[in-house]
């Protein structure tokens, strides 16, 4: 025969000769049972736990969201050191545009009629003085309220303090009302509109569910039990759900999280994908290991006097900041995670025979018989025959 | 020989004797073909689908981003019930600092000269009255506009309503202009600067691409076709891309999402990682199953009269809130996901022989021959217990 | 025996006969060593790299966070073209409520006393005119500052420009102070409160760590070396860490990121889960391929004259916007990822015998001997015997 055909045939043999392991059949119920049982365990784990419980066959995407909020309600305050006043949304919601985070004013220290001028510092160990020598001109004490002019003035009939250049009169935030000014705020309601997207799955949804009609929305109020789908929340209820008392929290303010969980299994009917609301206080109310507890900030309204001088009303606003935090992960069947998990399970199946073999060769009465027939030991023979091997192959 | 050496040799045997399966070679093209073909399928799937299509060999990170926006443009309004007025950025952008979310005022109901005082309620079934008895003092109707004083006053020559203590005059937002006040806003442009980070890969990038020069930026305007890299957007164009008509949406306002997708394959040249802009209306414009459609909020400008009385101009602002939503996932070659996916593929390869065996032992003409030579049955040897085995089996 | 029992027995055989591969033991140290060594490598990789380094046995969750910031400090400015002025938080922090993003005013162009009126345009090629014919009435030049009235007025004694209807006088932002107005801002401090949640693991934590007490918080200041846990940052220090010079950046403003990394391994003691602060400038300071470098925005304070005319003070605010960006991924032992990774490793172990076989049959001196005893070639035989097959089976 020609050489080329020989090569060709060898190649064909190399590629298409199928090499399959020789096997030995053990007709033993016990070994067979151990084998099948172990197999069963692995399969059960894969199907039961990985697929059903953990949904490991799904690929996931995290939520992209936008939020609009709108607060409703008004309050009337009539306390000693302030003229009677009516408050509406424009007064107590800061910033006004309803973003994912809105602040409800509940308490404040107001310092009207401040102007750029000079006045005596608030008395404290570092500001009290006897004469001008105690007050270094131009020195700005970080704990103070302005730049010192170098003079020592009467703060009151009894005490003298250094004069400062600042917005005067200075703010005195020591006597913060113990009872929140806008106690009525607990009855305000907020409408939360939240629309989400899972970009990877091109899935869009709103927290106002399709089956809800406008007439219901005009009257409903959220309640975990009775109205879990209503997007209108009463502030008192939100705090109650978070385990806080509104009147307590309102005095010094705080941050409260409205968490919306959009975790969904998109393999099911999308209608089953609904927002879950939870409420949690986000700042720390415990005074120890804390600084500036509560939540407050200062802002000012600026005016001009008829003479054109600028004056301002400084407001130290205490209140509750509501942060609407949207999170969630959507899962949907994905070929890759499925393959990966099946593969992992398979490789465990490939362990099963080892287990069975081990059992057969150690725990069975007939283990010697089995191993004799299963395992062969290499038999040395004269090297000469090695040639014949190749020939047989050639003439095959 | 000594015992220890015996142990040692046994141990060496135990560890280093290599146990390899005995195999039978079937020189059959058909079986071989089935075997190779199945192998090919698995390999193709792995390489083709998992690696090329799904990029399952990559580990991923999600984007961290910051956004700056700056709106340009001005408008002039000259309508009957308002004096002619010129509007610039400081007037119509709220809040002023260009954050990832900015609001463009397009329509408004202005109520100037409000003061803390008393006035007759707006007439509606629950507020109209005949005499003072109909108005409970101190009662605050949630749907009303203030706290009742207990008097019944003339709202107009024809109708009497309960008097309330509130910011008077009350806002009348019934007659909202049908044509948006700032119709010219559609020609405003917004510059969006977005810089992103993939922390895990320490990858930073901006939506102003390196190859763009300042002169181009001064003149360009975004267009999916001609200028996909220009970060300056005309509002009308944004809404058009979102499938909305500016003049319609401007009347009652709404929320519009500017979605920037930064999904990148960082195994490639980073220059290929570019932002993809899409635009989508995020609020629901359909009046059914909706409440308070559109987007509006109230805010006030506070003034002081020469007598020091506080007055305010209440503005119910309708407009379009633009939310710049940045999302995306970056993928980069990772050793772990690669290993995991290869492993999964391998375990499928280990299935291939089963398939081939099954084919060989069921579909081939010579199946009996094959199975006789491949499979051996346990042969009982002259041993006492050997008989018992078979009998137990026989009498089962 | 009856047929049914026959079937039954066949079925039992089919299910419980255990088929195990026949094996050949090669008592060769070298082959055995290659086998064990390859095994070792795979195991080492799995344990060492996948588990220890990559923690691939963990499932992950990404952080959900809320931030509160509070700036402290004041400044006094005394420059030529502005009356001496004292600045406190309410003046220079915009917006006032300390959100995850706050802006510190460092430089500004103030245009007081603007009213809705008519004035001559700022002179530039497109606005200069000789007589009224050059000014088209009602034309609004995008690069201009208002709607043209059609008149040509004296801007100065030397140059005439078109008159526009706008907020007059017009803002002249050409002469921006070279030295930042609020240079003192570098000494301001900011308190950052950040509380995070990993919803999947129901893990909550704050950046004010449990072991810190309030007295420390009142005095401490962040420093990577000495006080890495103090949540109070000096602005100058933040910029220094970001590699920026405050005075430079303050002139035209910019955006600076305070990145808080909460990546945690929750399998460890949760106390080890601490925030890592890094600082990075987020906008591009290089003038080339950039537009509107720095960071600024316009806002206005509105006043009313005694005659009730509305005037405003337009402020073009330059400053530094600090974005607190919280990110991170928590990992915790998860059964599924563990199984998946073990599975992958196992399927590699199943490759080891192939390696060893290949080595044995190619690199060893005795390869022919080995292959003769390992591999058998199908031997053709007369088909008649196929019957005997079943009989043997029957008589077993």
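Per-chain numbering from 1; labels A, B and C assigned in written order.
Operating definition for what follows: a contact is a pair of C-beta atoms (placed from the backbone, for glycine too) under 8 Å apart; a residue touches a chain by one contact, two chains touch by 3 or more.
For clarity, every value in this text was computed on a predicted model and none was experimentally measured.
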Residue numbers at the chain A-chain B contact, same meaning over half shared and different meaning under half, come out as different
Here chain A maps onto chain C under a C-alpha rotation whose angle in degrees, rounded to the nearest 5, is 120
Cα centre of chain A to Cα centre of chain B, whole Å, reads 15
Where chain B touches two or more other chains at once, the residues are 19, 21-27, 62, 95, 303, 306, 340-341, 343-344, 346-347, 350, 373, 375-377, 393
As the complex stands, chain B meets chain C at residues 12-13, 15-27, 62, 64, 66, 68, 70, 72-74, 76, 83-86, 88-91, 95-99, 191, 193, 195, 197, 199, 206, 208-214, 217-218, 231, 301, 303, 306, 311, 335-336, 339-344, 346-347, 350, 368-373, 375-377, 390, 393, 396
Counting only contacts in the complex, chain C reaches chain B at residues 9, 12, 19, 21-29, 31-33, 35-36, 45, 49-50, 54, 56, 62, 94-95, 101, 103, 116, 140, 142, 145-147, 165-167, 255, 257, 259, 261, 280, 282-284, 287-292, 295, 297-300, 302-304, 306, 312, 314, 317, 321, 323, 325, 327, 340-341, 343-348, 350-351, 353, 356-357, 360, 373-381, 383, 385-386, 389, 392-393, 396
